[in-house]
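In the two complexes that follow, chain A is the common piece, with chain B as its partner first and chain C second.
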Partner chain A sequence: MRRILLALTALTALSACGPKEPVVEAAPPAMRRLTEEQYRQVIADVFGDDIVIGGRFDPINRSNGLLAVGASSTAINGSAFERYDGLARSVASQVTDRANRDVLVPCKPADAAAADDACATTFFKNTGRLLYRRALTDAELKTQVALANAGATKLKDFYVGLSSSLSAMLVRPEFLFVTDTLEADPSKAGAFRLTPYAKAARVSFLLWNTTPDDALLTAAEKGDLNSSSGLKKQVDRMIASPRLAVGMRAFFNDMLAFDAFENLQKDPVIYPAFGLSAVELAREQILTTIIDQTVTTQGDYRNLFTTRKTVMSAPLGLVYRVPVSQPDGWVPYEFPEGDEHVGIQSFAGFVALFSHPGRSSATLRGKAVREILMCQKVPDPPSGVDFTLISDSHNPVYKTARERLKAHSTDPTCAGCHRIMDPIGLTLEHFDGAGQFRDDENGAAIDTSGELDGVAYTDAAGLGAALAKNAAVPACLVKRLYGYGTGRISTSAEKPILTYLEERFAKEGYRVPELLRDIALSDAFYQVAPAADAPKTASLEGGKP
Partner chain B sequence: MMSRFLRTSLAVGVPLVAIAALVLPRALPAAAPAKKSLGFVITDYNLAGYETKYFDECPEGLAIGNDELWWKALSPQDRDKLTNSGLIEPVDPPRRPTAALRGPNKEDVCWNPTITKDPPLRVIKGKIGRGFNMDGTEDGKATANTCAHEKFTSPDGSTKVDNQMYRILGCIYGWRRGNYMEGHANRERRDSSQGIILVDVSDVDDVKNDPSVTVTYYSTVDLLQKDSGGGILPWASYRPSDTPHYGAKAKGKIVDGHVIAEPVDARLPLFGNNVTGDMIYKGLRLDLDLTKAAPDGSYSGLLAGYRDFENWWDYIRKIEFLTVTGQWSCPAIWVASQELADGYPDPKTGKCTAISEAMDITAVPAFVVPREARTAQAQGK
Partner chain C sequence: MSKLSRRSALKGLVNGTAVTVALPFLDCFLGGNGTALASGAPIPVRFGTWFWGLGFTPGRGVNLAKTGKDLAFLEECQALVPYKDQLSYFSNFNTPLDGKATTVHYTGWVAARTGSVPNTGGDLPAPTIDVLVGDHFGAGTRFRSIDLSCTGNPRDSYTGRNTGSRNAGEVSPLGMYTKVFGPEFADPNAATFTPDPNVMVRQSVLSAVGEQRTDLVKQLGAADKARLDEYFTSVRQLEQRLELQLQPPPKAEACRIAKSPGEQPMGTELESVLVNHELMSNMLAMAVACNQTRVFNMLYSQALSSLHRRGEAFIHHTLTHEEPLDPKLGYQAEVAWYNLRSFEAMATFIKAFASIKEGDGTLLDNTLIYANSDTNFAKLHALDGIPVFLIGKAGGKVKTGYHIPGGGDPISRIGLTVQHAMGMEVDKWGTQSMQTSKPIAELLV
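This part shows the complex of A and B:
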């Protein structure tokens, strides 16, 4: 009774802050493959940072702007399974090797050369709960222990048996896929809801990008996550944790399509300062800036597009041509007034990523701003387009990108899209293909004027200000965060909840932790309807409770 | 090794991730000061000379080396023995190490240059040279700070030039432009980042013409920043060494894009041909031409001064293992340099204790980050 009263109080408090959360139609459940980043994070969290994950992962196709969404429509084929198997064997072998077993195996076998039922049970009960994101069923636990015992008996080594069984666990779908398991909703006849374990996984991957920790799983087991106050307690705890920075780093890495950095290379003859170390540091600079401003200092999200504050490292100092006081690590840095590096969209990582290996690209940059920062789809170019003139960055007649694009866009099939991309990208033309400042191209002065949805500006600082004022920018973050958390494309029926979240985001000063709290505490976020062909009555969950 | 989640007692509230180390302090540094600084890192330096295609400046030919003198001194029997009757080229051993051991009792003639007498060094006889008019005279007559000497005339005929180091070394095969001695030393400096000279031009109001700037010569503790081809990248940041004897400051000016530094006594870091130490100069001066950058972003100029003789000889004797490669005779250089030294006469003996020297330098723009700036940035000021 007390719990219900508390929940009602919390709900009343929430509703007092603004309009009530709209009721939206439940969306179908998803089954998401762990992304590479999640896999690595989970292994590091469960077994420690020292476990080396050296293998390759099958790529996940980006969908609706996110790998996290693409992960819901990704299967594991034979070759992918082989890779997972290799990774699993390597991880399991490291966990049980002599260097780590005393820390990672919570008990010692009575005889290291024989099977040990009790110790294996303890290990898999603890570890399995974190890997499967729920307590193992009795049958699952028995299977893992039996497998470990069989290996230990045959090879006369308890730890080899344990390793063998653990590696089998690490290729199970229960580990590799985050599954929306359902249960009947006792408050609504005929309705379903996420099980507490599935809720725990959803909120944990949203906020921390990893498997639920012991406290969250315990809350799930106690049923706390089914109450508003219990859920709020966990969400508040997780948002207050330093791990939020890790989770948000993973989210922004996904949202900004920064996985592309892994394949980013620049022509070393044209851009000698933008070496491989600069590539990784350029990504890190943007992510660190984002985390500092959105999580650490809890600033206005829109300030990311007008900020002059960032961090600088010595290799990046070569690219930006600014002094850096330390040869290693990062130092705080603020671009001076008048410098056109204003906002993350002007930082070397962003402009270099959306460029070609040997030249800048106003089109790619404009497309990235539209699609990534504003969630607007730019149509793919029509087939048979002649890019010869655009690519000719040393054309003696059309010396600047603006001139080349103008000549190219006389083709009406191209003009439409270029009209929405180029006025953004051309404003960033003072940054070459590696993000280095330049005044001219081929001896001709670069005109950086442009406009964004009717707002005209003259340089990159103006573009940043226009982005900060554009309503599509914070709305895009809401959409992406919600999709990132659910692992699926938002349905049209969910439009009201997105609008509601956008309004709250604005009211809360566009502070990302508050937006996360709103998402994580909303009913809609956990609302799931079974797929049309799912059984109507039986429990759809894989574990208890 | 730590499992964050298995060891649940540690799972909550522990600062866990590397990103924590990257978190920004709230306060960030303020805007740059009004006066500018122009920093440079010297990537190469070579003796400034005036070499002609047919060695006109060395009418006696190139200098005779320790090796040749040693070889000529051997009996035919000894030569047969060392070459296995002419079947082998005995470069090393014993030729390289023993070429310098030509004293009466096998003393090293580079460490004991007066122990034997060699034929005189073949020195530059040409009239054209490059550098500065450092003694202020047109004829090289003795002054309070210089000994009488012959002057060169600059290639355009406009200036009388003091560069006795070129006169001494200019006809030695290994010291001529593009050959081993300086080429190897430059490569070593690039490879090791030792002996790197920074030039900081501060108090700059106008980068084209400024009547008053300060030029400081530093050593750096940082590695040279290079591109994938080994080229020295411009715009890297370098911390000056805190060693107090570096950091000589000179008054200077900028005239039509040339940074011109007035003479100052200075120590510069030395590394080259496996020798580490300092180069000690009196009256070090600079003319760095900023009007034209090379395709790699570098600028060129002249750095000149009076090199302390003892300091210089310490270097020469330490590279005695290169006399075969470079082809010089230590005793001959010793005698010539004693005769040709033109700077800072000893008050007691009247003998000059320094040698005028001009070097062509190549430098790329860099940021020189002195200690106070490092502290301020670290403190977020």
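This part shows the complex of A and C:
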């Protein structure tokens, strides 16, 4: 009775703030390959930060703006598996080596030079539950123990056997793919719902970008996640946790396409201040600013585009040409009034990422703002275009990017797209290809005026203000967060739930934790049905607690 | 070839004891068309690709008026002159779009390598030709394929089975060295062989992984099931590779263990790319000579080439669009400079294979390299006449030294010719207007 009352209270609380959540059509289940960030986070959470994960991961295709969505269609082919196998052996070997075994293996074998059923069973029962995001079946547990025993016997070392068996677990699809498992929904005849374990994984990867912790798995096993109150209790706990910052950092890193920093290069002759350390710091500066303002202080998401507050480090101080008294680490910093560094879209990391190695690019920056911050697709450039009019940057007639692009836009096949990109990108032209401020280009003053969807401005601060007022910006965050959580492209049938979430986001002051709570507590987020081409006899055993 | 099966020959030898055995070549190396080593053993045929971005300047690469055996290189391709008799050039083979939109710097290479025009950017509508040849060769070498990219970005790799299954490139010379010639490398010419018991354990672990089916498949749609199938195929491939590592490797007379290249700077700065390309080309050729793989892919520059010289503001790609024609020269001088570097790099790659003696000839004689770009005249994103070279004699299966004009035929004819040269029984290849059943017969032996 108490549970029902709590559930009703929760529902009332949700509905009291606005319209009722719309019912949406159930989507097919997703099978998402762990992203690199997820893999790293899971290993750190299960085995500790000391486990070194060296080497590269095979890339995941970005789809609809997110690696998290591309992960649902990216395969594990030969080269990817080979890398996972190498990573698995490295991780397993570290977990069982002499330095870590006493902490990470919760038992000691009777004889370290022989197989030990009991200790191997204990280890895999505990570890497997976290890695597979569910309890292991008896058959799975027996297989892991048998593998450990075979290795221990062959190589006369319990820990080597344990390591080889653990490496097998780390390359199993149950670990590498986060797969939605379904069960019949007892409340609706013929309908399905995510199993509690799958629900736990979905909410955990949304909020923390990692495997469910023990408390969440226990809640799943007890059936708590099938009740509104039980789910809310877990979601509230997770949103209140410091781990939310880690999860949101991963989300924004994905949404902003910051994986591209891994291959960002700036010409050291042209931009001597923007060395390799500055590249990584420039990314960190933006992510720290985002987390400080959206998670730590729970501010208005839109303020990210008008903020002057950030953090600064000594190497970045060289890029921004501001003094930083502390040689190591970060210090809080606020750009002074009049400075054009206003909003994350003007910070060195953003403008440098969307530039060429040796010069700025108004087009790339405008495209990034449209596609990444506003979720608007800019069409690919047409083929067969003669760019002769653009000429080179030393052309005495076309000294600035604005003049070159204006000449280029006289081509009607180019004009349409450049009209929506250039007035954004040209406003950021006071920042060169590495984000350093400049007044002129080739001796000609840079005109930074522009407009965004009818709102005119004269400089980067004006662009930031226009972005903050543009409805597409918060709507884009809603769309991306929802897609990030489900791992799929939002369908047209899901438009009502996105609209509903946008409205709630607005009413809640555009606070990201509240948006996360709305998503994680919505029915739609867990609405899944078997794939249309799945066997009609679809098993419902896969994810039962 | 001995009747002795490898398994029976090796029975009892895998318990960590050093052994000295004279081993027959693996059947799967042969394909029935290899030439012979001095020992009389047949030599396997290999296949690979080489990619460079942004084509070349029309009228400055190959003399289109000289066809057949009169193949004649112009200014930008001068570096290829020493290898004129060891390659063929294909001009005027087209990419009919069937009404699909072009994704610039993407549609071209995909069509040339898959025989199909992609629907959108990022779409890989069919397996690339190296994957098809690799499937035909099957297992039998340590690596099914060695895929390399000189730009520092593993995503710069134009090989894959489908959109969701692209083969990432190895980007570091040291990484490649470690992967191929590191601790797991077994010298095929060593007098003794000691199987590693750790590899045996690994193999049994992977065997268990592959045999243990998953309940996941029961609720998934066809696309996800296909991904799971590919996963299990990958497990089996690695398991087979480990099985090979437990057997003494077949002799490879030309094999010499490569030297470690040490740490190298990576990225798209031209100086780094050229150094890494040469290092990886030489190691790759030796990896092939050492029978570590029969399939390979090398990417010198991306389709949207971002190669750039230190201190220069413009990258190769933007130059192709923004550099004005030099009024005196009549072409884009800076672009032409980059194009020269591309063909010098191609010559470096060819040299790596041509300088390794194998049997009565060279490694290049037993190899076929499909080298292509993404566009003809990059300034206009021209898709018709994308330049393609076939380099090497494929163990005597193709003639070289020709300029073959395509007369507007689909570019897929070249890919079909490759498959026939590799001994694949393929009647037709490609889709829609790119589908063809006409290999270039005059080139096939």
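Here is the rule we go by: the second predicted complex is superposed on the first by the 529 of 545 C-alpha atoms of A that agree within 3 Å, B and C clash if a C-alpha of one lies under 4 Å from a C-alpha of the other, contacts with A are read in each partner's own complex, and residues count from 1 in each chain.
Rule of thumb we're sticking to: a residue touches a chain if its C-beta (ideal position, glycine included) is under 8 Å from a C-beta of that chain, and two chains touch if they have at least 3 such contacts.
Because the structure is predicted, anything quoted here is derived from the model rather than measured.
> Following the overlay on chain A, give me a clash-or-fit verdict for chain B and chain C.
Fit - chain B and chain C, as placed by superposing on chain A, sit side by side.
> Which partner does A:Pro268 reach: the first (chain B), the second (chain C), both, or neither?
both
> Pick one for A:Ala314: touches chain B only (first), chain C only (second), both, or neither.
After superposing on A, A:Ala314 lies in contact with chain B but is clear of chain C.
> Which partner chains sit in contact with A:Asp214 here, chain B, chain C, both or neither? Use first/second/both/neither.
first
> With both complexes superposed on chain A, which partner does A:Glu82 reach: first (chain B), second (chain C), both or neither?
The answer is second: A:Glu82 touches chain C but not chain B.
> Please indicate which partner A:Pro29 is in contact with in the superposed arrangement: first for chain B, second for chain C, both, or neither.
A:Pro29 sits against chain C, while chain B stays out of touch.
> Have a look and say if chain B or chain C is in touch with more residues of chain A.
Of chain B and chain C, C contacts more residues of chain A.
> A:Thr179 in the overlay: touching chain B, chain C, both, or neither? Say first, second, both or neither.
Only chain C is touched by A:Thr179; chain B is not.
> Taking the superposed arrangement, what is the smallest distance in Å from a C-alpha atom of chain B to one of chain C?
Here the least C-alpha separation of chain B and chain C stands at 12 Å.
> Between chain B and chain C, which residues of chain A are contacted by each of them?
After superposing on chain A, chain A residues 268-269 contact both chain B and chain C.
> Write out the stretch or stretches of chain B touching chain A in their complex.
1-8, 11-17, 19-32, 39, 222-223, 225, 227-229, 231, 233-237, 239, 367, 369, 373-374, 377-378, 380
> If we count contacts the way the header does, which residues on chain A are in touch with chain B in the complex?
Residues in contact with chain B: 44-50, 99-100, 103-104, 106, 126-127, 130, 211, 213-215, 237, 241-243, 245-246, 249, 268-269, 272-273, 275, 284, 288-289, 291-292, 296-297, 309, 311, 314-315, 317-318, 321-327, 329-334, 336-337.
> So in the complex, the part of chain C that touches chain A is made up of which residues?
101-104, 121-122, 144-145, 147, 152-155, 160-168, 171, 175, 197-198, 200-202, 204-206, 208-209, 212, 214-216, 218-224, 226-228, 230-231, 233-235, 237-238, 267-269, 306, 308, 310-315, 318, 321-325, 379-383
> Could you pull out which chain A residues touch chain C in their complex?
Contacts found on chain A: 28-29, 31, 56, 58-59, 61, 63, 73-82, 85, 89, 140, 143, 146-147, 150-151, 154-155, 160, 164-165, 167-168, 171-174, 176-177, 179-182, 263, 265, 267-270, 356-359, 380-388, 390-393, 395, 404, 433, 530-535, 538-542.
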